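In what comes next, subunit A is part of two complexes: it sits with subunit B in the first one and with subunit C in the second one.
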Partner chain A sequence: MTSRLPPQPGEWIDREQPLDFQFEGVSYQGYTGDVLSSALWANGVHVLGRSFKYHRPRGIYSLANHDANALVSVGSRTNLRADCLPLEAGLQASAVNTLGSASRDYLAIMDRFSRFLPVGFYYKAFHTPRRLFPFYEKQMRKVAGLGKIDPQYREGPTGKQYDFCDLLIVGAGPAGLSAAVDAGERGLRVILVDENPHPGGSFTWQWQRNAEAQERYKKLLDRLHALENIDLRPGTIAGGVYSDYWVALFDQHRLTKLRASAVLIASGCFEQPAVFQNNDAPGIMLGSAAQRLIHRYAVQPFTRGVILGANSDAYRLASDLAANGIDVTALCDLRPEGEPSTAHAQVEATGIPVYRGFTIYQAETRRRGKQLAGVIACPLDRKGEPQPQAGLTLPCDGVAVSVGWAPDGGLLYQAGARFQYKTEVEQFVPNSLPAGLFAAGRVNGIFSWPDQCRDGLRAAREAAVYLGQPGVTELDSVTHQGPSPSHPYPIFSHPGKHNFVDFDEDIHLADFKNAHQEGYDNIELVKRFTTVGMGPSQGKLSNMNAIRILARHNRATIQATGTTTSRPFQHPVPLGHLAGRRFHPLRRTPLDAWHRQAGGQMAHAGSWLRPEYYGPADQRDQSILSEANQVRQTVGLIDVSTLGKLQITGPDAAEFLERIYTGRFHKQPTERLRYGLACDETGTVLEDGVIARLADDHFYVTATSGGSGAFYRELLRWRQIFQLNVQISNLTGQLAAINLAGPESRNVLKDLTSIDVAGDAFPYLGVRRGTVAGVAATLMRVGFVGELGYEIHVPASSALHVWEVLADAGRPFGLKPFGVETQRLLRLEKGHLIVGHDTDALTHPAEADLNWAIAKNKPFFVGSRSLEILQQRPLTRQLVGFRLADADVTPFPKECHLIFDGDTIVGRVTSIARYSTLKHPLGMAFVQPRLASPGSQLHIRTAPGKSVVGEVCSLPFYDPENLRQQ
Partner chain B sequence: MSLPITRTSPILPPASPGASRDVAGASLALWFDDAEQERRAAQRLALCDLSSLPRVGYKGNAATNWLREQQVPIPAETFESKRLRDGGIVLKVASDEYFLEAGPTGLDLPPQVANFPPECFPIVREDSSIVLCGVRSKDVLQQVCGYDFSTAALDRVVYTRLAGVDAAVFPASGFPQPLVKIWSDRSYAVSLWNSLVEICAEFEGPIIGAQALFTDLA
Partner chain C sequence: MKILNCPLNGPRPIQEFHYGGEFHPPLDPAELNDADWGQEVHHRHGEPGVKREWWYHTASGTWFIAERDNLKDHVIQTYLYTPECGND
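Moving on, here comes the complex of A and B:
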């Protein structure tokens, strides 16, 4: 480890725990607490990655998750940022986006063609000849992109969690820590998050040599750790702020959906690059990155360096570097007046030459750009333009840039804050915050640590007042004192066109000039044309300079130029965290386990799991037909627990049903069933089912499996509107329902029930209450499948018992279970439609031949007015039955296949069965009325150019006299 | 004499119980492998299926008076609860609706009668009943529910959504460890149970029998 410094106060590495790791196949050693970038830098590895477009070598730049210079793959995980990837024993990492390696990338040849690949080249090239575009696209896709995903990679579900607090504080720097302690000591539930593994923010890199700052830092930490109501979460990113302060927090393991009563953003600033020729060479880094390397990881950033500065931070940096044995060749201050504070004297005392009104014009490299050799510094004229003819060559292996800051304000923008550009600090600062949102510290334009602490206190007090805390003494606002910490235009043109504004996308200064000449004079348009800010860093280091450049081209102010829109996520997050553990609850009937054990082929039916049929999956048609024949000939048993089951009670129950359904119920006798058809206000068929009257004030209603939940909610809505004395209970999951159907069903049931099931005692459309197999049950004589049948409703917990008793009793009669597909076939033979399957969102009763279910002269029911109007209009379609001659025709028609008359669509299939107990295929379809007469030919298009002819039949297909279900 | 087993829970037990008892025609697992271990697990984190306990609902303008006549304590406000004699719970779930769940003996529900007074209607309640208990139960709730249970009052029901399933969650007092009862539509019981089991397993929370919660069943 060639560049490791002696132990630093407060360093994050644990020298007692060395770790072995590999980068691109070469073994190195680092320490626990290192990140990959710091460990590599300590080992003298300065090329950590390659740029996206020109494959230029890149090293450490921000060391703070603000740039995408060093993206690596580790196993199946890719696009990990080496700057914040904790070092682990045995870690094997390699750079993304290289052909070869980071050190020797064969695609580096792209840099030589860079003049032919300006921004927007792909918008303009490759369009002609059009036939070659697929070829171009394939080649571009080969060289584009970052890490490669492993489509075979599977990981267990990542947990998500919800959390809550009074005050969320984002950023645990001087302002955030001060705010958290103050809020915590008031008893507020505080969550304090910071992306770094340790709290402290700039205390841990910028103010390490300031004893007073370190003492304050220690005291704040002591107070914070003493408070149980402060939940400190290091290594946690606030990725997005949504409505009502729903904040997405990401840590290494999961997404936390946090609901905060108030949010305080103390997220700080991103230090900004200066734009000069070859400003991306390895060894050139932000001043804050150099200080992070020294103070957090005890790594020497370089041995001989030049500082390019424009603020007092640059002077503190110079002292820091000198104190750690680094030869600072020069400090080039962009400001002609230089640094007014005492920091200047401290630098002068170290003997570092200070060049006022100077910039770095160009960086010189060796080893094909992989190593910095020196810089050419030159004075600036009065307009701030470099004067290279007066340049100085300064040999060095490193450059630290400290020319200004841009607020990490993404979360504030997302939460509804408005920003204003303040020339006092040459920075956007929030000037309007919605209620419950607060900002403090550097993001608020406050740069000295004592002021940041005061600003944190001020914001915490305001948050406490907002949260209703009593006895809060509010503090005055803090304002920045002294010269601006940011330079208004640290951007210098160069004919070489390697003066990069956006490192992610290799966008250089001339690209902006070109974009502006093409008419892109709005920041949002410039962003999209140049792709500035659209790389993995989301413009953290490029947006502000892009705005400055565009403002200058437009001769406008920065305030007038504006910013681009900030959207979640503020930082990259693993997609696995977003997917997380997902909940897809499915409904199961009480007989679910029995069905599986009996070979039921389970399938989704809406939100339910139901057996389609019983038997091998490769014998679907045979199994369904066999089950259907069993029901027709002897007896079958089906689990219909998915049926909607509603209990309507109360003195106004009958009146309520009269208003909901199209039929009449006031005079419905007890122990009798009636068919119920419900429409919505437009007259569209909404639901159907049977309505059993159990007492004068007690009805039991069934509804379709898929529609019952929505229908229940609709009933609740109408109850509110009608203001009737009625109670509605959804018993769908509380009760099981079993349909015993077939000519032998009565014989199976008679010895198991307390009810007289003889035909005259319990006729068709009767309902009785008694016991079955000793269990309280409600029995209904219905004929959905067209046979003698008993629908037995029992408490769900007793369903298995009743089912097994019925199955045992039916064995001598050959009873077998049948599935939902068999039931669909049987009801189709009987001509019974299924609402939602044979009807759609526009079907009204006349179209489905359901006018018989509408009571005449009824004063009102939901949809009655619409139906009066509809019935005066001619029908445009009708539901009909049809049959096919041949079951072996291929392709065989399917539901929703269209019916044509020539080239005109005249209908569609709603239900179809290839095999039936009637020995021929049959189905139902909506067709134009002129085709609804029996004998009409229907041309069903089954594939392009292929049709099958069906013949319209009268319904029902089976037992038209209704003799079998009586 | 125990009744024949005619009722079953929607949730299949993880293994044959080491001991069980009949509750109103259903089998209630008392413990599975080791009663003492389960008792310790209940302090930390565990899941228990109490769906076998009988429960019933009453609705209508006369429901309150009828229940009072049956010596059932009536909660003052909607969402509040009272305890039945045997450890069961009565919840007021609406101004004219009550939900009753028996205690572990299954004996303390009002008798079912042939004729209820007008405007008092019994409601079949076959909800699944799951207990999540232990000091780490909040960690599990945090992963499945967007409600802040740290501020929830004890013995007051919260209607919310757990793991995508509509549920009534009842943080209960009277237990030595934090304990919430979770009632949901029975048809969703397996989905909800499986989600909770999976998350509890990550925290090393096992499935336990009822004896770990109700010591008088020992």
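Moving on, here comes the complex of A and C:
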């Protein structure tokens, strides 16, 4: 371990636990607590990955969990950021996006072509001719993209959990810790998350040599650990903030769906790069990265370094590096006036030469860009332009850049905060926060640790007031003192075009000039055209500089130039954390187990599972036809528990039904059924069913299986609007329903029930209450399938008993259970439409030949006014029956096949059956009225160029005199 | 994930609710000509602003009206329907 420093106070590594690991097949040693980047750096490995476009060697840059050029694969997991990948024993990692290895990447030749690949090159070069695009695409896919996805990857579901708190604090640095302790001591339930494995933020890298700061840090931690109502969650990312402070928290193992009453963001800042030639060479890193290496991982960032600075942080950094034995060759300060604070004197005391008004003009490398050899520094003129002719060469193996900061404001933006650019700090700071959202610390433009702590307290107090805490002493707002922490334009042109603005996507300064010349003068458009900020780090290191560059091209202020939209997630999140089961309610009837045992082919019907038919899947047609024949000839039994079952009671029950349905109900006799047709306000057919009157103020209503939930909901709304005295109970789940149908059904039932089932005692469209198989039941004489039949409604808990008794009693008659597909065939033969299947969102009653169900001279029902208008207009389509001559025609028509007259669409098939008890195929279709009369020929297009001819016939197909159901 | 305040049950997660469309004060159909009635049942205002909307709390079967600024997706207040709701 060539670069490991002696033990550092507060270091995160555990020297008692060394670990062996491999990178690109070579074995190294690190410690528990290392991340892959720090362990490799400690071993002298400085090429951690290759850049996306030009395959340039890259090392550590931020060491702040967004080094997008040090991405590795470990087994099936890919695109892992090496700067936040915890080192584990036996870890085997390799760089992504290389042909060969990170150290020797054959695609590095791309860099030589870089001057021929201007911004927008791929957009412009490869979209014509169109026929070649598949070829281009295939070739480009080979070289584009980062890690390779393993299609065989299998992992169990990642856990999800819900949580709640009064105050969520994001970021456990000086501001976040101070805020958490203050809120916690007030008794608030606080969750404090930090993406790092340890709390402390800049306490753990920037202020390590400041005894006062370390004392405060320790005290804050002691107070925090003493409070049980503070839930500290290190290693946790707040990934996104959604409505009403629903926050997605990600840790290694799970997604936590957190509902917070208030949110305090103390997420800090991202230190920002300076743009100069070869600013991406391994060894050039942010000052904060160098300090993280030293203080968290005890790794020497370099031995001989140059500092490029523009703030007080750079001077503290110089002292810090020098104190750790690093030879600081020079501190180039972009500011002509230099550093006004006492930090300057401390640097001068160490003998480090300070060059005021200087920049690094370019970095020099050796070993094909893999090693930094030195830099050329040069003075800046009054406009801030570099003067390379006055440059001086400074040999070094490292550069630390400390020229400014950009707020980690993504969560604030997502939560609705607005930012304003403040020239005092040359940074966007939040200036308008929605209620319940608070910001503190560096993200708020407050930079020294005592000020950050104060700002954290101030925000915590505001949050406490918002949360209704009594006796809160509010604090004045904190303002930044001293020189600006950020430089307004740390960006320098160079003819060499390797002065990168975006390391993720290899975008250099001239690309922005080109984009601007092409007319891209809006930040969102510049982003799309240049792809700045679209890489894995989402512009954490590039967006701010891109805005500065565009502002300059536009001759506009940074405030006027604005920012791009911030979207979740704050950091890359494995898809496994997001994947999960969706909650689809699935309803099973009380007879579900019986159906399965009897060989029922279960299928989804709305939210229900129902048997389509009974028998092997490869004998579908035969099974359905055989069940249908059984119903027609003897008797069958079907589970219709999925029917909507509503009870309407109260003095206004009949009036309510009159307003909902198109028919009349005031004078409906008790113990009788009426057909009910309901429309919506536009006159569209909404629902149908039967309405049983059990008493003057008591109705029992059935509704379609698929539509009853929404219908029930609408009934409740109309009840409120009508202000009628009526109770509506949805009994769909409480009751089961069984339809016993077929000419023998009366004989099956008669010995099992207390009700007199004789034809004159219990006629068609009658309803009776009594017992069936000893169970209280409501029986209705309906004819949906066109045979003598009894719909038997019993409590769900007794359904199986009743069903089995009926099945036993029916056995001598040849009773068979039949499924929902069989029922569909039978009702089709009988010409009964299914609402929502044979009707659509525009069907009004006249189109479906349902005008008979509309009461004449009724003053009002829902949809009556619209129907009054529609009825005056000529029909544009009609629902008709049709038959085909031949069941063996191929392809056989399907539902929704179109009907043509020449090239004109004149209709659509809504239902069709290939095999029927009538021995010929039959169906229903919407057609233009001129084709609606019996005998019309319908040309159903079944495939391109293929048609089948059907013939319109009058409905019903089966038993037109309605003799069988009587 | 929003929270909506049901007038009967208090603040509940949005998944428990069903959106019921823009609230129209119920009009007397007999007083409208055909064109105006067509507007009434078919026209939906898409423009941003404060809307009165029908919402339904599924678990308890409660319909109510929410006044919502659909530009900010901010619910200003919720209340149960009364016949007076149409009078302003």
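Odds and ends about this structure:
As a convention for this text, the second predicted complex is superposed on the first by the 957 of 966 C-alpha atoms of A that agree within 3 Å, B and C clash if a C-alpha of one lies under 4 Å from a C-alpha of the other, contacts with A are read in each partner's own complex, and residues count from 1 in each chain.
The rule is short, and it goes like this: contacts are C-beta pairs under 8 Å (C-beta built on N, C-alpha and C of every residue); 3 or more make two chains touch, one makes a residue touch a chain.
Please read these numbers as outputs of a predicted model, since none were measured by experiment.
In the overlay built on the shared chain, the residue A:S797 is in contact with subunit B alone; subunit C does not reach it. Contacts of A:S243 after superposition: subunit C is touched, whereas subunit B is not reached. By the touch criterion defined above, A:R713 reaches subunit C but does not reach subunit B. Of the two partner chains, neither subunit B nor subunit C is touched by A:A125. In the superposition on chain A, A:T682 makes contact with subunit C only, not with subunit B.
Within the superposed three-chain model, A:A761 lies out of touch with both subunit B and subunit C [touch as defined at top]. By the touch criterion defined above, A:R865 reaches subunit C but does not reach subunit B. Which of subunit B and subunit C touches more residues of subunit A: that partner is B.
Overlap of the subunit B and subunit C interfaces on subunit A comprises residues 257, 259. By the touch criterion given at the top, residues 1-3, 14, 18, 20, 26, 29-30, 32, 34, 37-38, 41-42, 54, 56, 58, 61, 63, 73, 80-81, 83 of subunit C touch subunit A in their complex. Of all residues in subunit B, only 4-10, 12, 25-26, 51-52, 57, 59-61, 96-97, 118-119, 121, 123-127, 139, 142-148, 150-151, 163-165, 185-192, 195, 198-199, 202 touch subunit A in the complex they form. Interface residues of subunit A facing subunit B in the complex, by the touch rule stated above, are 157, 159-164, 257, 259, 581, 583-590, 592-593, 608, 641, 647, 649-651, 697-698, 725, 727, 729, 731-735, 773-775, 795-798, 800-801. Of all the residues in subunit A, the ones that touch subunit C in their complex are 242-244, 246, 257, 259, 681-682, 713, 716-717, 720-721, 723, 860, 864-866, 869.
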